[in-house]
Structure formats: structure tokens, C-alpha cells
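Below is a structure I'd like to ask you about.
For clarity, chains are labelled A, B and C in written order, and residue numbers in each chain start from 1.
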Amino acid sequence: MLAQALLLQLGYNATLVTIGAALLGAAAGITGTFLFLRKRALVADAVSHATLPGVAMAFLIMVALGGEGRSLIGLLLGSAVSAMVGLWCMNALTRHTRLAEDAAIGAVLSVFFGFGVVLMTVIQSLGVGRQAGLEGFLLGSTAGMLFADAVTIALGGLAVLAVIAVMRRPMLLVSFDPEYAAAQGVNVPRVDMAMMALVMAVTVVGLKIVGLILIVALLIIPAVTARFWSERAGQVVILSGAFGGVAAYLGAAVSATAPNLPTGPIIVLFSAALFLLSLLLAPGRGVLAAILRHRRFQARVHMRQGLLALAQGQEIFEPLTRRLLRRAGLMRADGVATDDGRAQAAKALRDEARWAMLRRDQAQEAASAQYDGLRGIETVLTADQIAALDARIGAPKEAI
Amino acid sequence: MGSEFVPLSLPPLLIGAFAAVACALPGNFLLLRRQALIGDAISHVALPGIVVAFLITGAISTWPMMIGAAGAAVISVVLIEVIRRLGRIEPGAAMGVVFTAMFAGGVLLLEQTDTSSVHLDVEHALYGNLESLIWLDATGWGSLLDWDALRHLPPELPRIAVTLLGVVLFLWLFWRPLAISTFDEGFARTLGLRTTALGLALVVVAAIAAVAAFDAVGSIIVIAMFICPPAAARMMTNRLGVQVAWSVAFALLSAVLGYVLAGYGPLWIGMYDAVSAAGMIATVSGVILALTAVFGPCRHRAGAPAGV
Amino acid sequence: MDIALVSRDGKKITEPGGQDSPLAIRGLTVSYGEKPAVFSVDMTVEAGKMTAIIGPNGAGKSTLLKAALGVVPAVSGRVQVFGKPIARQRGRIAYVPQRASVDWDFPTRVIDVVLMGLYREVGLLGRLRGRHVKQAEACLDRVGMKDFAHRQIGQLSGGQQQRVFLARALAQGADLYVLDEPFAGVDAATEKAIIDVLKALRAEGKTVVVVHHDLATVAGYFDNVFLINTRKVAEGTVAEAFTADTLHDAYGGRLATAQIAQVAG
């Protein structure tokens, strides 16, 4: 069954939903990256929670107009309108009052959601809410989805991706460095607005699959995951889209195999699994790499400091420094340097003197700015330049 | 009047009010520390905590669930910090990763577990069920002095009352260190204050308040009360103590007005059924915030934020 | 010169020269990420004197002090305050952070900020009393800010904010005053007010350490200087350590020779 699902052989609707989810996941991953690079990831949380009153209101209006209130397009339209109102409130709060963005996000999120819940209870009291399956909008449900709905979602995901393809350059520029972008003639507020529109589009399209509580995960998690693997914005965008697409595809397929596997949470959990792997194992920013690097770095600092202390005949009291020096065979247990230690200490001291001499040379400012106590001088100067420095310093001092 | 009010309305009113204040109090400090959304995160991760507690104990019993939820809150805060530090990820995004993933896990566990025999579902976790917390043994105001009747108070009431007391005690005791470390963390460290521990303690207290409130009134109120009353209070004054007092007033007003509007509002406009009290309380707190944002005497920034 | 802080077997060694130094730093390395901002720095502050820490932008001036006081963590190194570990000497240090490090929109008044300086005196369970408020007002008076006691801090100018921070440090009644860029972006009147207070502190026998950026005023304000550019460049009296040579060492090409000749005697 799982293999069937993954190979898109579980019927027409399920296939369409899975493809739609993958498109949506990719679109969300990419859109989310811009948001994340702009340090506004949780704005999406406010936007998605703000859709609830709109969904409920649209339902009530459609019922009042004599319809059934089930039209997905109508409900999504309502959700878009109320998300926009929520976004406007958030901007108004941060612009015109002293509140910081996080407070504005939380306020809009909770109040809109609360109001949405009020409207939902109104719908329930009308006695037609259950049939409309509005609960599905909270956590997403693809079970029993109509063919037309599945098409709507797939097309929506495709449309968002198309818009991103057109807008990617200015959006990347703005999310990377808004001031530079403005200087380049990019209309930053308009690009920001477009970015928010995309967030809203992703939210609205994703409501039915993932639900409004978890849609924010599709926007944030892939972007954060991708950030672990690359330092280049362009690559982060593409990776994020890939992570988002893969997680959504797997999630939708797996959830189609059994009735009690809700689509939204499964997709989010696949996404979170990818994130967890990246957090632990990514080469640059991953936890394991960071721990190893930090220990190596600490050891380098202590070694260098120890060598300099040896060279100047100072006693060393840091236990870690002593242990490292002894392990490297540079110092005996009683604190006296070995021959090897003396040689290396003299070299360290001489390097310090070379750096000091280098710093006095105004022409070498760029090179001397590289100094951080650890970097070997041979990494910034040629052998000839070092020889020239040595000539200016004079004969090497006797090591102690 | 008392014969209906005391059994049906007094307990939910008190529970709502206590829960609102218990969340609004630590919310003041979270707001000033730019951690307003911690409340959001905590109330999301309470769900997996509760479900796990249920799976372990096999029953809906209060204390394991409270511990489960509080444990999940602490785990989430630690995880957020780890991701933020190690991955050099901005706090908002780190938060977003952690609480959505944990919430998704909670929902999945819940769907996989047979909870049909017990009252445990996502909707309950979100909206709570304030209206159902009634005190059937009460016959009128006199029941407040009747020990037998008092023993049958909804257990949520004493629980949230004790929680509120704990929150008040914590803030009273640590008021000055909290204020100092919130305003100027570097200076606080040179005083020898354990600022990291203090920050964590604040989050734990907020988590306890959230979990106790959550149990009674659902997570919407929790998030709304962490943020809206303190944010509205921020527009009213430039003094910390006064701000906290305003936030308590706004929280109480939201709770009472929200409950009344939810219960009687629909009747006034000719509908028969009450609407969600939790939702209405959140809505009222939003209206208060909107009013203060437009009319509050101190709604504009007074000084530059840190780092400018 | 070099002071043994702890001997090999863990016991303290008494050695002349650093034991009573208000602030003795040994082998301090601090790093943000992989590049040390401060590398293996030794510093011995002379008691009863005013010391300026100078160096180019990004040279680790503030970082050195923040790490010494435990505001940011260090990779390695030891710090003693008046001959003891800093944890036992908190009451003897007053720290004035950079103005920009806090949120000036915080809901508090000037007097409340100064009262923060009395935290150790009042304690966790103690109550603020009238005499504490009087004490805080006296400190505000010393920096010429008494009339502003009940203002919201956001309404102050940059110079006034800096004076309030100094008043808070005065309230601590410390023996060692550590100030991070107190003269950055303040008006001339404030600069004068601050330096007068610092000189008065020195006259009382207190020790003052200041992260400073204005080379032109070093000779006029300070007794000693400490030049840093990631590692220590020079340390000593202004006459010894504030010379064209040491400035060249610290600033390299960033400071034109003409400028150096102007500021260094």
C-alpha cells in the first residue's frame, strides 16, 4: 500500500492530492526562505491563524445567500480576505505603536483565531457545520476530498510556483540586503508586499491539506533546514523548495495509506525529520560539526597560549593548556618544556614578533588585519615577505 | 438570581478570570523581553505533553497531564535555545520549527490512540470548555460557606487559583531581579544575577500558568492572555508596576466581558445558542488592544530600541 | 610582571605586583565564532588610577571588559578582582554598559534605573526604603540629573542617558568602576560632567577603567593606558605606553602618522 501510494497508484484523487501537496510544499519552502532570510518567519503564523474568521464568515455568507457553504473557492477567498485584514492589523500595530513585531504577531494570531472560533460555534449552532467539514481547515484533511478541490489545490500550488519563478530575483535581493536592493532601484515595500501575498497564497492553498495551525511549518521548517546546508542564499532557496516538496510528497502519500494518518501532521513530521538530520549532521552548521570544531578551536587557543607562555618562561596554570601541551609532547609533567616544545615555542614567539612588525607596515594593512592570535603568518605572506620581515626584526632571540 | 448564577456562571467566570490573570502577569515580562511568542509555543507543545502523559498513565488524570505538558514546555524551550545557538537561527524561526513539529507529533499520537472513551481531542485542547465547568452542588450564594458543596467545586477552580497564587508569589519575590535583567542583562550579570536561570524560571512559570489555564480554558485564551493585556497595558503607561496593574485589569475585563458576551450576546441579537466563551474572551482582549492602540496615552515609542 | 593566580597544586601563590590589583586578567581569550576577538590578553589595572582601554574599532576593547566581568563567556583565561575570584567581589565592581545595549523604551523612570544600582544592598527580600531613594537622588545629583528623576527614560537625550547609567554605577558604591564607551555620542556638557565625576572618584581612591575611543583626550583624562588590538599592544602610564610607536602598533595604517604625532607626546 505504501509503495503504491509513493508511486501514485492509489486512485486519481489521491494522486492529484499528492502531486498538489508536493507542488505546495515546494512553493511553501521557497516562499518561506524569503520570509526566513528577512527574519520574519513567524509572520506566517499570524497570517495562517488569521484565515479562520474568513473561512467561517465566507461559509456564513454563502449560507445566507442560499448556498450550501461548501464551495472551496468561496471559503479560500474568505480566508484570503481575513488573512489580509490580519496582516494589515499587524503592520498597523508595529508601525503606529510601540509594540515589537513579535507582540503584534501574537496579538493578531490569538485574537483572529479566537474570533474565528466564536464564528465556528455560531456555525455549529446553525446545525450545518459538520457537513461542511470546516474542522478540516484546522488540521487539514484530504480524506474524501472532491476532485474539483484536488484540482484547485494542484493548480494553486503551480500558480504560486510560477509567480515565484518570475519574482525570484527582486525577492532574493530584498531578503538578502534590503538597503542595497533599494539602491539598485528595487521597490522594497512592493516586493515585501508581494512576498506577503505569496505567503497568503501558500497558506490559503494549503489550508485544506495541512490545516491552518500547521501550515506555518511548511513555510519555516524547510527554509531553516536548507540554511544548515548552504551559506548562499540562492542555494538555500532551491534546497528549501526541494526539502519542502519531498516532505509534502512523502507525507501526502503516506497519509493516503490509512484513515487515521492526518495529512498535515504527517507532512510536518517528515519535514521535521529532515530538519533533525540536518541539525545533527550538516557539515558546516550541524551540531556534531560545531562541537568538534569548537573543541578543536579551544585546543588551538590553549596550545598557542601555552607555547607563548613557554617561550616567555611563564608558568602555565590552566589545566587544559597543560594537558594539551603534555599530550603533544611539548612539556614535561613538571612544567618544563621539552626540546620540541622549546622549538615550537620559539617559533610561536617569533611569529608574534613578525606579526608585530607586519602591523607597523602601512602597506600591509590588509594582511595584518588577518591577525587573530591563531593564524600562522605563512598563510598571509610569502616566504620572501617573511624573510624580509625577519631581516627587519634582527636575529632570532634565544628560546628559553 | 444567585441560585442560577452561583452554580452555572460563577465557577467559569472565576476560572476564566484567574486563568487570564495568571497568564497576563508573566506575559508582561515576556513581552518586554521580546519573547511574546513563547506563550504561543508553550500552548502548542502542551498537546503532545498531555497525550504522552495519557499514553503512559492510560487515564485522564490531572497531575500526570500537567507534568507532561510542563515537561513538554521545558523541552521545547531548551530545543529552541539549542537550535538558535548551534544553528545560528533567528529565535522566531527556531520557535516555529520546534512548536509546529511537536504539535504535529501530538496530533498524530492523538489520532493513533484510542481516546474515544475519554474526553481528549484537538478541538478541546484549542477551545477548552469553560462553559462546562459548573458547580452543580451549589444552590446559591450560601453554598460558598457550605463545606460539602465546596468540596464539589470543579477541580479546575482550586487548581487555577493555586497556580495564580504561585505566579503572584514568583513575581513578587523576583520582581527586581526580573526587572533588572529584562532591562539590562549585561549589567545584571555584573551584579552576579544568574540571568539565564532567571529567564528559564520565568518561562517555566509561564508554562505552568499556561498548562493550568490550558486545562480549563484551552490554548486560545492562553496565547491571547499572554500577549493582549500586557500589550494593551504597554500603551497606557511608562512604568513597569503600573503596566502590570493595567494588564491585570485588562485581563479581568476580557475574561468577564468575554464570558458574559458569549453567554448572553447571542440571545440579545436573537440567536438561541451561546458561542465559545474562550473565543469571545480572546476577541474582547483584541478589541481592548485595538482601542488602546488608537487611544492609549503612551502608545508611541519613547526611546530607541536596543542596538540603535 | 606575570602574576601567578593559582599554583600547580591548586593553591594560591602570593606574589607581589598583582595581588591587590583591582582587576588582574591573565591569558584571556574571547571569541565570537571561530575568530578570537581578544587573544591571550594579560592586564593589570593599577589601583586608584584612571585607565583608558584604547584601540581601533573591532579591536576587542569592549569584549575584553565584558568577558572579564562575566557578561560574555571566555574561551580561556583567568580574572581576579582585588585578589579574589570575581564571583566573591561582585559588590566591589560597578559596570556601565554601552548606551545602545538596552531598550530605552522600557517602561521605567530615571530614578528606578538608579535604584537598580542598589540591588545588592537591598537584597532579594529587602524592601526599597526612603533612604534608598535619597541615596539614588544623591547619585543623580552628582551627575547633574536630579531634576529628571521622575522622567521616563525614553525621553532623555543620549548624553542624559549616559549620565543616568553613571548615576546607577555610583549608587553601587563600588571600588572599581568599569565604563564601556561612556563618551560615545554624548554632548560636550555631558562629557565634562562625566569626567568630573570620574576624577572625583579617583580622588576618593577608587579605580576607574574606561573603554575610550577619542585619542585626543587620552592624555588629558587618564593616568594609564592599555592598548589593544586583539592582543595586548602596550600597557603603562600615558607617558610610557601612549607613544607614536605603540599607537602605530595598535592602529597600523589606520592612523596617519601626522595624527599620531598630534595626540602622542
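Convention: a residue touches a chain if its C-beta (ideal position, glycine included) is under 8 Å from a C-beta of that chain, and two chains touch if they have at least 3 such contacts.
Since the structure is predicted, the reported quantities are computational estimates derived from the model, not experimental observations.
> Which two chains does the highest number of contacting C-beta pairs join?
A-B
> Hey, which chain ends up farthest from subunit C, C-alpha centres compared?
Farthest chain from subunit C, going by C-alpha centroids: B.
> Roughly how many whole angstrom separate the Cα centroids of subunit A and subunit B?
Centres of subunit A and subunit B (C-alpha means) sit 28 Å apart.
> Could you state the distance in Å from the CA-based centre of subunit A to that of subunit C?
Centre separation, subunit A to subunit C: 38 Å.
> Which parts of subunit B, given as residue numbers and ranges, touch two or more other chains?
234, 301-302, 305 - these are the residues of subunit B that touch more than one other chain.
> Provide the list of subunit C residues touching at least two other chains, using ranges where the numbers run on.
105 - these are the residues of subunit C that touch more than one other chain.
> Give the residues of subunit A that touch two or more other chains, as numbers and ranges in rising order.
98
> For the complex, give me every residue of subunit A touching subunit C.
Spelled out, the residues of subunit A in touch with subunit C are 98, 293, 297-298, 301-302, 304-305, 308-309, 312, 314-315, 317-318, 320-321, 335, 352, 356, 359-365, 368-369, 371-374.
> Which residues, counting only subunit B, touch subunit A once they are in their complex?
31, 34-37, 39-40, 44, 82-83, 86-90, 92-97, 100-101, 103-105, 107-108, 111-112, 122-123, 126-127, 220-221, 223-224, 226-228, 231, 234-235, 262, 266, 271-276, 278-283, 285-286, 289-290, 293, 296, 298-302, 305
> Give every residue of subunit C touching subunit A within the complex, in rising order.
Residue list for subunit C touching subunit A: 2, 4-8, 27, 29, 31, 34-36, 39-40, 75-78, 105, 229-231, 248-249, 252-254.
> Using the touch definition up top, name the residues of subunit B that touch subunit C in the complex.
Per the stated touch rule, the residues are 32, 173-174, 176-177, 179-180, 182-184, 186-187, 189-193, 234, 237-240, 242-243, 301-308.
> Taking the complex as given, what residues does subunit A use to touch subunit B?
Result: residues 36, 39-42, 44-45, 89, 92-93, 96-100, 102-103, 105-107, 109-118, 120-122, 124-125, 135, 138-139, 213-214, 216-217, 220-221, 223-224, 227-228, 260-262, 264-266, 268-269, 271-272, 275, 279, 285, 287, 290 of subunit A touch subunit B.
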